[in-house]
Amino acid sequence: MTLATLKRPGLLAFARQAFAHATDGGPLFYAWMTLLTCVALVGVNAWANQVVNGMQVTGMGDHVSWGLYISNFTFFVGVAAAAVMMVIPAYLYHDHEMHDAVIVGELLAIAAIVVCLLSVTVDLGRPDRFWHMMPVIGRFNWPISLLTWDVIVLNGYLGLNAWICGYLLWSRWCGRAPSPRLYLPFVFLSIVWAVSIHTVTAFLYCGLGGRPFWNTALLAPRFLASAFVAGPALIIVVLLALQRLGSYPFGDKPIRMLVRVVRVTALINIFLLAVECFTALYTGGSHAASLTYLLFGLHGHHALVPWIWSAITLNIVAAGLFLWPGLLRRSRLLVAACLMTFVGIWIEKGMGLVIPGFIPSTLHEMVEYVPSLTEWKITLGIVAAGALVYTLLLKVALPLISGWTPGLAVGVESMDAQHRRLFEQLNQLIAAVRAGRGAAEVGRTMDFLDSYVREHFADEERLLAEAGYPGLEAHHRMHAGFTAELETVRAGLSADDSDREALAERLHLSMRDWLLRHIRVEDRAYGAFLRAREAD
Amino acid sequence: MTSRLSVAGVVIVCLAVVVFAAEAAGDPQPAPLPVPLHAVVRHSHPTPRVLTGAVEHAGRPATIACSTCHAVRPPNPANHAAADLDQFHQGLQIAHGTNSCLSCHDPGDYDGLRLADGRKVAFADSINLCSQCHGPQRRDYEHGAHGGMNGYWDLTKGGRYRNTCVDCHDPHVPKYQGAIPMPHAHDRFQSAGAAHE
Amino acid sequence: MSDLTRRTVLKAAGATLGASAFAAAIAPLTQWKPAESIDEFLSKHYKELSPDELAAMCRRFEDEAKRNQGLDIHVAAAQPLPGVQFGYALNLSICVGCRRCAEACHQENNHDRPSHNSYIRVFELENGSIDLANGDATYDHPVPATGKYYMPVQCHHCDNAPCTKVCPVEATWKEQDGIVVVDYNWCIGCRYCEAACPYHARRFNWKKPEIPPEQVNPDQGLLSNRVRPQGVMEKCTFCLHRTREGRLPACLEACPTGARVFGDLADPDSDIRWVLANKRVFILKEELGTKPRFFYFFDK
């Protein structure tokens, strides 16, 4: 038996581990990262050219003075806000399983805010004067300018989510239960804050009396409704992809929950759009001009008509699919429905909301807008950068959530190695069950886990008996309970009509979480005992 | 500023279709004015003279005063248009209400004008003649809301330089004759003429 | 070579490749010259400059024009005249739509020549309607056309200006004499003000303005017609480099019909006050509550 000195896991080690997690992966991971890097670099290059040559390289002009950048910004504020749809069930309704999955949403919020901030930055004519907006050294026109409010809420939201995710992961790394005092208030604050980022972003537009298309109190509710469609839809796709990639450490419950959310919000979103259309079109007059242009074309200009009808069709079809209970069983169709509504809302809320505000112009001139190649390059580059950030965050966070961390070390090298291996085996099994792998493969994984668990328990108990550990009897009973549970699951797996999802959930909830708690409490207790004995 | 004033002056003179053959008139320069200051009205319209078609020995076109002929011809109050005349002023366009020639021209002195009440008015002061009928325009003019100006809004700092009626309105055909507009801005992505319909 | 080392080597190679690709991608920025000098880059907000600093800034622009283009220009930082409140009125009954005001603005304010930019847009409207939806600002036929009337639109210098409210960095504000100005050295180019303005009064410098040196108006104001940098907002300033000296704005001087009336709203004897008291005055989009300093009126 080799006893290691138990060091408090340091921040540097955490960073080193995070870096290793973030940069290690299979060929698919490297291909994905290379692709994103290339797209992002194309965007960087296009932006550098835009900075040098001026905004003349865009399709914008004095009539339509905001375009793709601000459209994309607006859309991704919604995506960021959507994390709240996982936070609410997880923390307000104490849904245990959502508790772990919520980090997927919170990390998405961080990546989406990065996309937002970059989108606004590339829209600046003078990025070199960015510092003029900083309080103290610049002149921050707060509280008069809504844009300053947006700067505050977006950065605040970024900070909140970074703190919550960072703290939870750090606690997990240290093998400590997170202190509710240090994160729960921030979680509840982030719920309100998520609503605020999209409300303030809506206020950017609806506070402008000169633009009747935006000057409607319904804008903020519409923003939120559409955000709570597109955001959860994206998270569903991410969860399904992680499941497929075998790196998904949670049950199916989050997906079911999010589908239920989208089922409602998709309808609300369509309803609010219809309400807006009725009010403007039935009243008529110049206030309906922009909406008429958007939906039907005006004075011979129709650029947005095919787009908005595509968006409306996509949203209605997707809403119908979400109403169908069978959707959950067909993951391909579910992905299709999610992508449809995601694209539908991207069009409706980005181009469909920002651009018509400028057409016709405030003096009723008709000048249409088509994004330039530069704008597309930059926008795609930003989205790729966001995806890059998100991938790296997930790469760091997911193993920490589901695997062994140095914080769980009991200080006995052989036991720590076995514990690490146990987590790996268990996660492999969960992934195999979830991904619907064949019975033979699942069986093999199960067999291996089963024998490994027994071996480990025997080793551990032998060690404790040799050391004369007083809690051996109780410890043994716990091990026996776990072995019995494993037996039940094994029986379930070999049955032909087994409900694999329920089994996977059981593996995840009752077994991995048990393991986590057991190591954290009981195993560390014997570790302390052994070290104390050694010291005497 | 001087050059811009002249440019504006030239533009205005081009706009005004003056059928009189007048002595070439340079823009009078706005002299430094004492306080309180007043507007300087352009008096670029001295008593008109008529072209004879002949050329003086110095090469300038020979002109004669109106009174040269009119002193020996009896005035005819019935004349309203060029068609009524048999010798001079052929082709002269007249479209100014129901006025006859003698509504404005002074039959007692063809080198001057006269008001309806018979008082004489010099050509240079024709604004007083026009104002008999066009009172609202005269009133607006006096309040800076008609006719345009150059110079200072603040009359304690400098004077103004103003047009008079006939700078823009041909007294015989006073309707504003129109202009070719200056080019519009070439806004990004706005196609001209395709604005509406 | 062990797998671990190979991995490290590959990672290092990837990182090097990525870093050099990034350097190549941002390489165009080496040609970027956002500011003429470090002084310009670090210059303070207009309102924080002392009279000496303002004068120094004016000299700097004069020196730069001399050095770069061989031009003798005069840049001044004219301050609001005490007690003066500027206002502008435009007579729709006699405007003929000749665009001489827009042209004068183009020349006076050192606008970009290729785009023929101007702070004034002249709309041709149909008699019997004031609906701008039937308007056209790109007409080229002789004016006035039958059945049409003309409405020039420029900055209304609103007392409740939507544009100044939205600026995140206070780069645009209303001066004491009512003129809404832009600090070209402070504007970050977000164009929020352009979205907020109900009168299409603001223009953005989508590129660096191009003016042949011989066409530059040398009589320049720091907050008005000095040649603007790329990427900032600009707008009508009532020609403050002229009007704060008591002179009339360039657009008014160019108007051949006298449709334009400019003056001091605080002076009861001013022409503009006479117009407001005696004419049928209306305000464009009055319902928006912007409280413009720009008025339209009719004779009949």
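A, B and C are the chain letters, set down in written order, and residue numbers restart from 1 in every chain.
We adopt the following convention: contacts are C-beta pairs under 8 Å (C-beta built on N, C-alpha and C of every residue); 3 or more make two chains touch, one makes a residue touch a chain.
None of these values were measured; they are calculated from a predicted model.
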Exercise for the section: Using mean Cα positions, find the chain sitting nearest the overall protein centre. Expected result: C
Problem - B-C compared against A-B, more contacting pairs - result: B-C
Practice task
Provide the C-alpha centroid distance between subunit A and subunit C, rounded to the nearest whole angstrom.
Solution key: 43
Practice task
Return the distance between the CA-based centres of subunit B and subunit C, expressed in whole Å.
Solution key: 36
Handout entry: Rounded Å distance between subunit A and subunit B, as computed from the means of their C-alpha atoms
Key = 77
Practice task
Could you tell me which residues belong to subunit C and also touch two or more other chains?
Solution key: 121, 133, 135, 137, 206
Problem - Shared interface positions of subunit A, touching two or more other chains - result: 56, 60-63, 365
Fill in the blank from the handout: Within subunit B, the set of residues that touch 2 or more other chains is 187-188, 190, 194-196
Handout entry: Residue ranges of subunit B touching subunit C (in the complex, touch as defined)
Key = 1, 4, 8, 11-12, 15, 136, 140-141, 143-154, 156-158, 160, 163, 168, 176, 178-188, 190-196
Handout entry: Contact footprint of subunit A on subunit C as seen in their complex
Key = 7, 11, 14, 18, 21-22, 24-29, 31-32, 34-35, 41, 45, 121, 123, 131-133, 135, 137, 153, 162, 165-171, 186-192, 194-200, 202-208, 230-233, 285, 288-290
Exercise for the section: Could you pull out which subunit B residues touch subunit A in their complex? Expected result: 187-190, 194-197
Practice task
Write out the stretch or stretches of subunit A touching subunit B in their complex.
Solution key: 56, 59-64, 299-300, 365-369
Exercise for the section: Using the touch rule from the top, collect the residues of subunit A that touch subunit C in their complex. Expected result: 23-24, 30, 37-38, 41-42, 44-45, 48-49, 51-56, 58, 60-63, 65-66, 120, 123-130, 132-133, 138-141, 144-148, 151, 204, 207-211, 286, 289, 357-358, 360-365
